[in-house]
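Just dropping this structure here.
Chains: A, B, C and D, in written order; residue numbering restarts at 1 for each.
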Amino acid sequence: MFRMSVIVAGMALALAGSAEAQTPRKGGTIRMTAPYGSSFTSLDIHTTQRAQDEIYAKALHRSLYTWDSAEGKPVPELAKEVVVSGGGLVQTFKLRDDAYFHNGRKMTADDIIWTFNRIMDGTKAYPGARYVRIIEGAAAVEKGQAKEISGLKKIDDFTLEMKLTEKVDPGFYFFTALTSIYPADEGAKDSFIQHPIGLGPFKFVEHVPGSRIVLERWDKFYKPGKPYADKVVVSIMGEAAARDVAFRNKEIDTSVLGPAQYVAYQADPNLKGTIVEVAEVFTRYMGMNPAFKPFSDKRVRQAINYAIDSDLIINKLVKNKAYRATSWLPLTSPAYDKTMKPYPYDPAKAKQLLTEAGYPQGFEFEWTTSQNESWGLPIVSAVIPMLDKVGIKVKVKQVETAVLAEVVRTGDYQAFIYSQQSGPDPLAALKCFHSSTPQPACNYMNFRNPDFDKILDEAGQTDDTAKRNQLLQKANAFLYEEAPVWFFNYNKAVMAVQPWLHGIQQNPTELTHQNTEELWVDDTSPAK
Amino acid sequence: MLSFLIRRLLQTIPTVLAVVLLVFVLFSVVPGSIASTISDDVDPQVELRLKQQLGLNDPIYVRFGNYIGKLAIGDFGTSFRTREPVTSMIAKRAWPTLQLIFTAMAFSVLLGVPLGFVAALRPGGLVDSAAMIVAVTGLSIAKFWLGLVIMYVFALKLGWLPSFGYGDGGLKHLLLPALTLGVSPMALFARTTRAAVLEIMTADFVRTARSKGMSETRVVKWHVMRNALVIILTTVGLQFGGLMGQAVVVEKLFSWPGIGSLLVDSVLQRDIPAVQGSILVVVLAFLAINLLVDLLYGVIDPRIRYA
Amino acid sequence: MTGAPLIEVEDLRIDLDSGSGRVAAAEGISFRIDRGETFGLVGESGCGKSITALALIGLLRPPLSIGAGVIRFDGREIQHLSAAAQRDLRGNRIAMIFQEPMTALNPVSPVGRQIAEMFVLHKGKSWREANKLAVEALADVRVTAPERRVNDYPHQLSGGMRQRVMIAIALACGPDLLIADEPTTALDVTVQAEIIELMRNLCAERGTAILMISHDLGLVANVCRRVAVMYAGRIVEERGSADIFRAPSHPYTQGLVDSLPRLGSRAALGRSRLKEIAGVVPAITSFPDGCRFNPRCAHATDICRSVVPTADFLEAGGLVRCHHHA
Amino acid sequence: MKLRANLIIGGTLFALAIVVGVLAPWLAHTDPVMDANLMNAEEPPSWTWWFGTDDQGRDIYSRVVYGARVSLTVGIVSQLINSVIGVALGLSAGYWGGWWDDVVNALTNVMLAIPSLIFALAIMAVLGPGLTSLLIALGLTNWSFTCRIARASALSLRSQGYVQAATVLGYGDLRIMITQLLPNMLGPIVVIGTLGMGSAVLSEAALSFLGLGVRPPFPSWGSMLSDARDQITTAPWLSLFPGLAIFLTVLGLNLLGDGLRDILDPHSRSRRT
């Protein structure tokens, strides 16, 4: 509980660095790392949903909204004002008239319309389509039935009207880099993918595939006095051990830490102070296929939750680099119920439930997993002996992450272990368990329960935030009882940040995604 | 010379074709769909259209025909993942890999060959035993492990060289990965050279040289060296293949932006056109280097004539 | 100077280290060669004649080594000289030609350079001068267009040409002794005579003594003034060339002579090869006791099987090692 | 002298590894997979835990001992596959000649042109991680040297008197190949096989590092070493012992190969092809 209050306190502060109350220094180079693989997928940020790519995109691009880590919600970025009408379905955006693309042209409503039309190009399958689909007529464009999204209307150069298909906060849909606004004219050119142009605080200089992206300050950025730094270099470093050396060697300013290094850095007086941590909106769980006979019984699913000593795993194996999951919604979710307790470790109870369900001798199932250290094989290996104690045998099926994604989408599993985004919008997160959500979308356990649907629909219709949160809490508790998954943990993202880099935001959607205009380096940086 | 070159080039065509076929067939049975490499939320209709567009619904022989046809004009297809032409993706990665491989090769030849010579001068002696222990040790260590140790020692403990990075700041970023990559070929060259020298030392012309009243050092310098180079050159040519394989590991470890890391990335993300392209380019490079080696024989060994 | 032999070998033993102990591959070898003299060493392969030659020039390599005895060259014992001192003699004052001209030359070095090395090594010449001298040396061995040939590689030359190059190398520094180990065995018949002739003439001109080693008694007798016959690591008979044909004393020598067709016939010289004598040459590790020829000897008696025969002087000059010599 | 040192040291190391693998159930203190107890996680080496414990609380000594089974299986079986393929193709190509020889030659050239680690990587990508995939991937990609040697010696033996005699006696081709030709080429092939085993063990480690190794929870030395690489400073024993196991085994195989070469294949000291 203590840890949680720290997090909440951390979030209350706008910026971790602001506590130091220093005057940001202008100039210098920010040396960030991209830790999730050995390359960037593409310079066309619309084509990629990997967290890795959004790291550079946060410096290069801007979307309609941005995530405000201090407020814990998305806020308008390219709009000065948003007017809601039509029973919540019509959003009118008063756009900034001081946002310039890196080619010097001013952004207008046309660029936004062009961008959203592009994302809905059905021949390209841009992953951002899932967000833009919330706009009326977008799906028709995707299916090739229309040329332009009917729900988008340009009132004038700096006023845009957007009709939605359902009553949601569009902020949750349009804050990621997947919906970055491109310049209509340049974005259509072939050269764009070699030399992308955006609205962000830094403009593109070079990309060495597999090595780094270099960006430099965009002088006409719309926030006065920002960005601070002259240059941003995002180096790709997929190997944790190599990153560790580079960070200790002061060659990089940020490094994402795995559990082992989290412990090592905490124990090292020189490095302890560099640690920044945040509860991310990802829930790690084992999904159970209700089509597999034993898992169709709620008692079996609960028994699994009782049988696994999750705290021990988090403590010993994950090295406390995670928060114990109670149900689906994460700690930072507005609908998180602080009074709820997680399933306790109780093998006897598990055994009893199994007996009641007709499996006194246990059973065997196949568990599909990736090699991921936080939600993959090591966890599975630790769980196997625990389940063994209650008579449940596990056969491990190891696949690559890309294959696992496919397995999960198609339901071709008995059980799988995964990490799934469970925020920031609690409604969207719980919607994944609504029976109207198809399995490939995000209802991976093919969860269908009319009672649950009812609670969720009700929550979606209400305008009262308090009431809505109450209903969402109820839905969350419902999931706890039904236990469609083994609730394992919510990720604690940990990053090491060199002492000379200031202004790091504790972004719970992904800690590595930093608004670079807020970052600055003092003159103790080796890169100046 | 020219006609030899042309003949050799023609000879490699079937090999290249077979490699293309092999890789193509191999990856036509790969599990996972194109959609999973792009997004985890793709409309089934969109996926279908995408597959049609990429010709993935055609029978395999049609696809192979199309692939070969495009290859002939230097088109390796379009990456599933980045939607960039694979050709340009590879082009950007070629130079870093070449740098790495040739530096590692230079290092291993310049160190390994003299080591082998010195060892062979006194077979069974102290230098020989030490050199061969070093060599067999170098061959027996897991590469990524060695790289990590090298990284810790030279970058962190000694602070001599940067632990990663590419291209900025000249050669110093290249040294640690090249060192890691070069250790086992160095060991191999030391052993091969030693064996070659010992074998040549028993040749009649060496006895002739000795009968001239030459010191052993001169015998080696004037008569053994060049003959040994012929044998060493063969090993060097073949070793380029091993080096390219190991480069995959080293590039991943040192975040080196070469074809190796592109290959691993593409394999892990099921980007089949990129995998096929990378493998093919590696094979072509290997064949080209060995063609070069064949030409070098002509320089070293006067008996070989390219008539 | 005169009177003293150029090279004198006394009771030389050559050991073979077989790993489990030392075996004498040749023993009791004694002979001498005067300045400008031609001396032949004849025997079947494996009899120890080649290793004797290698011992003289100091090229025995492990597992072979000199076990005992003295080699005196120009009055000086050379068997224990330092490596450097041996190198000064080797090539410079004692030169050697090997059997296989195919492999005796470095395949990847131009022949001119291989000759020139001699001048660099022993005469302190620069490569430039040495290369010029190499052209002259090639001309001396009757190679046409030597200034072009110096740039050729061994594989571009015929066998005879290569052996001429070998002779040019061997005689480059004007040695006192030339050891020729089966110099023509690998050559065509027509070329053999030429090479022998060339070698003999050049050596005669320079006063170079020749130690000719061959299995071919006819050839050796034709070239050399004196001949020693070796069998199983021992010299069994040593005589003047004419004597050995007329009246061979040792039964083995008799066998050799008998196997030669048409003695003295020049036409048959090159072609003649030893006819097989009944039985086989014993292996080094299993030499029989007593006279080592006894298992193959028609005249062998009990003493032959137990007592090693001493080297007896013959009345007509020469030596023989046989209990029953004539 | 040196020759024997090679053979003795190499043979001893390899034999030791095999004995450890065979006797694993008796040598190990605990079950390498099931006896995980997070309460004991990451204990440094001690009297209780000879090699320490891993982050799941499993006894590393027991895992190294069991790992010998996996790693040696990978080394031996994959190399056996390579040898069988290489000998079958090379022998038949050299013996029959003709179009089959051309085909085998072309195939060998193809295999030689694709770096074996890259080819193995591609096969692993298709088959997915796991022991069987690994055996296939490493077993199919390293037979070109064996094939060339087998072909060359079949070619030279084919014209030998005793082989022709066997032909005259009406022996079948297969019988001649197996009884007459095979025994005469076994020497160099055993040497290549021994050295190949060592490189297979290393390849397994490399593939583990690339994320395409043996399927856990069963331990292989390569996967243990690879998994421990992030903890090289915090818990060095995690990587030290499997690393040492790999090193000593591969060293043993290399020395053994060298020693065998001196005995079995004295003529081809330098030319492997």
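Throughout what follows, a contact is a pair of C-beta atoms (placed from the backbone, for glycine too) under 8 Å apart; a residue touches a chain by one contact, two chains touch by 3 or more.
Here the structure is a predicted model, which is why all the values come from computation and not from measurement.
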Centroid-based (C-alpha) most distant chain relative to chain D: C
Chain occupying the middle, per Cα centroid: B
Contact-richer chain pair [B-D vs A-D]: B-D
Inter-chain centre distance, chain B versus chain D - centres from mean C-alpha coordinates, in Å: 21
Averaged-CA centre spacing for the pair chain D and chain A, given as whole angstrom: 44
Centroid spacing, where centroids are CA-atom means, of chain C and chain D in whole angstrom: 52
Multi-chain contact sites of chain A, meaning residues that touch two or more partners: 241, 400, 403
Contacts with 2+ other chains: residues of chain C: none
Where chain B touches two or more other chains at once, by residue number: 31, 148, 152, 252-253, 264, 268, 270
Chain-chain contacts as defined at top: A-B, A-D, B-C, B-D
Chain A - residues contacting chain B, complex: 37-39, 41-42, 44, 47-49, 122-127, 129-130, 142-144, 193, 208-212, 235-239, 241-242, 245-246, 248-249, 251, 400-403, 405-406, 408-409, 440-442
Contact set on chain B toward chain C in their complex: 203-205, 207-215, 218, 222-223, 226-227, 230, 300-303
For the chain A and chain D complex, residues of the former touching the latter: 240-241, 244, 258-261, 263-264, 267, 309, 312-313, 315-317, 371, 377-378, 380-382, 384-385, 388, 396, 398-400, 403
Footprint of chain B on chain C - complex, ascending: 57, 59, 83-84, 86-92, 95-96, 98, 100, 103-110, 117-118, 121-122, 153, 155, 166, 169
Chain D-touching residues of chain B, taken from the complex the two chains share: 14-15, 18-19, 22-23, 26-27, 29-31, 123-124, 129, 136-137, 139-145, 148, 152, 192, 195-196, 198-199, 231, 234-235, 238, 241-246, 248-249, 252-253, 263-264, 267-268, 270, 275, 279, 282-283, 286-287
